[in-house]
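Here is the structure we will look at, set down as structure tokens.
Labels for the chains are A, B, C and D, by order of writing; each one numbers its residues from 1.
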Amino acid sequence: MTQSEKPDQQSVQDVALIVGGGPGISASCARLFAGSGMKVAIAARSPDKPVLENLEKKHGVRRYACDASEPASVERLFRDVVRDLGSPTLVVHNIDGRVPDIFRKGIAEAEPSMALNTLRNSAFSAFLVGQQAARLMRTNKTDRNGAKGTIIFTNASASLKGFPLSGAFAMACHAKSGLAQSMARELMPEGIHVANVPIDAAIGWTQEDGTRAHRLAGTTVDDNMADPDHIAQTYLQLHRQHRSTWAFEIVLRPWVEKW
Amino acid sequence: MTQSEKPDQQSVQDVALIVGGGPGISASCARLFAGSGMKVAIAARSPDKPVLENLEKKHGVRRYACDASEPASVERLFRDVVRDLGSPTLVVHNIDGRVPDIFRKGIAEAEPSMALNTLRNSAFSAFLVGQQAARLMRTNKTDRNGAKGTIIFTNASASLKGFPLSGAFAMACHAKSGLAQSMARELMPEGIHVANVPIDAAIGWTQEDGTRAHRLAGTTVDDNMADPDHIAQTYLQLHRQHRSTWAFEIVLRPWVEKW
Amino acid sequence: MTQSEKPDQQSVQDVALIVGGGPGISASCARLFAGSGMKVAIAARSPDKPVLENLEKKHGVRRYACDASEPASVERLFRDVVRDLGSPTLVVHNIDGRVPDIFRKGIAEAEPSMALNTLRNSAFSAFLVGQQAARLMRTNKTDRNGAKGTIIFTNASASLKGFPLSGAFAMACHAKSGLAQSMARELMPEGIHVANVPIDAAIGWTQEDGTRAHRLAGTTVDDNMADPDHIAQTYLQLHRQHRSTWAFEIVLRPWVEKW
Amino acid sequence: MTQSEKPDQQSVQDVALIVGGGPGISASCARLFAGSGMKVAIAARSPDKPVLENLEKKHGVRRYACDASEPASVERLFRDVVRDLGSPTLVVHNIDGRVPDIFRKGIAEAEPSMALNTLRNSAFSAFLVGQQAARLMRTNKTDRNGAKGTIIFTNASASLKGFPLSGAFAMACHAKSGLAQSMARELMPEGIHVANVPIDAAIGWTQEDGTRAHRLAGTTVDDNMADPDHIAQTYLQLHRQHRSTWAFEIVLRPWVEKW
């Protein structure tokens, strides 16, 4: 009898929860997960924006309002998702918490409140989301890959290297990595797969009208941007990895990126 | 026009070359790659052992004799593979070069010749294989994922951490990582995907007769061993990653492994 | 003319500010710095505790009350130190922010408020202290080693590796490392030496009455604890390194420590 | 009774052996160690070059001929040093093995023999020197810092990052790091301090005639080069660190270096 035939394993329908509602990685994940047969929930501060409405209409994705830096709001989110879709088997934390001018000011000029808010929005919200996911997944059945669930943290190259003029972002991204590592060592032996995925690039994609969209203004060459549809593909592969060979960290970068 | 429609891109049949002919990762890769429609070559010092004969009979895998630590032998291997199957698009270097007593002796007792042989068999053979692969792949067409080819180095946890009582193995595994990194930075912008995959575990699998096989004697629990069929799955995913999001290093470890 | 003879360089008296007032590293630094001819300030939430009173009486160390997680309090601290002693040339952030039960609870059980407080007390206070130090040091003269000042962050092994059952501490220590890295890349080219010093051990020392003191209960073997007097020695060496060869990170661990 | 009063500890005269005889770090170490009261030996393939003759005349440094990539030659070196000066307490391996055109050729063009020679000259010679040092130091008395000896490997930034167009050098430097790590974990608990010191810069210094010398042609700004006299200072500090707080790796880089 191999591992995949153990009697407590089930082939239940996956329930994916994506926290963070941008038009890049979150939307690509929602589309791919829904297209792969999962029930999909997406949470954002403003769940009424067109990109999310569109995901609901076209792909049946369920929208939730959530301030992921507030414990009560995160608790409510998970309770509602369980009620509506069932206990999540795949949770993606996709909030980096960066603010508009985070890369423009040196350590001497940066606002302390900006630094604290970045920590709250990124690392602390990852803690809250990871905590709720861990609580629920522990009670999940083990699936055919030997897993009770997968928790993925989207991260940035600032988690690998603290760049100048961005101390607050370096703090937050490193914090998220540290949390992910601790959770991985704690939860993997319980059957919960935890992964940290730093994207070492700007994110860029082709919009429905054929034009290119990307996060960083002024970038015009497609080839140096990471396509969120391909990022989502890696997330799905991580979710489906057998527990015999779990990856914890995968850095994704475009072929022409310097590193 | 998206990247996948560029005129110089072709959907040619993949040619995979696996250097190293063990019954674990190499055999799993050969089966999976052949089953995925690739033409597959496997090279080993002794290509006549039953496990390789079996791969030929059942999966059409072509066998080659090669001493991967000898420049002329590696040159000949690639020339013969090109002649027989075409230019390789996926090359896996799967030799770790460890010798029977490599973990038993401290730095003061280890044989210098053992240390030099380990370097030759592991790191230097990786250099030779990587070099031939790079030369050929540069002239390949770009495929649908934007790649001219993929070079994967199987590695060990000793590439991440130098453990006591194994200085020679730590040297060789670190050397292989350094080579892979240098090649990745050099070749990725040319369209060649280079990856380093440290396996942080013993390798274990179920044999055709239903018994378990593994490399390290005395290990009896399945769960703490990495199944080579799942490792091969990750290699295939790496090969198929779009160049928009290439991973360089993926550490694979079983869920219960301490790290 | 060598670098040490450049006309703008001065041999001014060093002003050291130690933020964090424990009886271990902070006290050892205060004694060593004072004994090396520096004017020394030490800041703590409760500056009236005996260990600090003793430093004042015996070593002339000046005490300040400061809540290092409050921007206004940190601003006031630096203003007062400048007024009393002059602009600091050496600032040590020696607060790890761990709370009593931080290592006892898993991610599912930990209090969110504990996690946020740990981030505030450790990483955010490091940001505040680093910011004030950077502002002041920029206007310092360059000393004989080519430096305008040195900023040292004491850190823990949790900054190198996220251990299980301590997600909040892993977050905070990683965040502090990320901040230190960003500040180093930003400030070193301006002549300000930034260093991160993870101590991979419990801290233990001999008290004035001859008994041993240490932070972690139940540890009885001296040899596996790091002596804060020796840690302080490394800090002084970092401060005196010539800018031709600045170290950013030095991990200190006892000889018998596993890593 | 503190550690420094244990009865088996002695304050014997240090015997330093520097393997590698260049005019940069090796010469700086020889001068500093001799000036600090040590008996100093220096080994080079050509011990008759003027820079070494000068060290003998002015600083009493003893010269030895050694091909550090040959086991018998390294054995003989240590035997001769023990006979002439006593058992070494500080050994520095200062050979990086790079050859003139090592950075000029890509992986596809590089000579295999160059790659193998680089491995032999750098990593394998480090193995041979480290092995002899470990054998002898085990029998040394414990000194006042709790150490039986110190083994330092000079390394390069290629040990931290595999740069393009230098696969062979990346292999060799990574290999040396892996060896140093393994030896540190093995030997530190026996009282032998092992350290790896990557210098992330070109090395530059002022010669006796007042002109500047450096290894990399075309570099004219002093500030971006590491002064070997300051590197030697760090080596001496490493040797004198108490075993309560041993550093394994210290990366040294000039203040203006990008990293």
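The working rule: a contact is a pair of C-beta atoms (placed from the backbone, for glycine too) under 8 Å apart; a residue touches a chain by one contact, two chains touch by 3 or more.
In this text, all values refer to a predicted model and were calculated from it rather than measured experimentally.
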Smallest number of contact steps required from chain A to reach chain C: 1
Same-residue or different-residue interface between chain C and chain D, half as cut-off: same
Suppose each chain is reduced to the average of its Cα coordinates; what separation in Å results between chain C and chain D? 30
Interchain centroid distance [CA atoms averaged], chain A/chain D, Å: 45
Could you check chain A for residues that touch two or more other chains and list them? 185
According to the definition of touch, which chains form touching pairs? A-B, A-C, B-D, C-D
Complex contact set, residues of chain A against chain C: 71, 106-108, 110, 112-113, 115-116, 119-120, 123-124, 127-128, 130-131, 134-135, 138, 158-159, 161-187
In their complex, what parts of chain B are in touch with chain A? 2-3, 146, 185, 188-189, 191, 193, 199, 206, 222-223, 225-227, 230-231, 233-234, 237, 241-256, 259
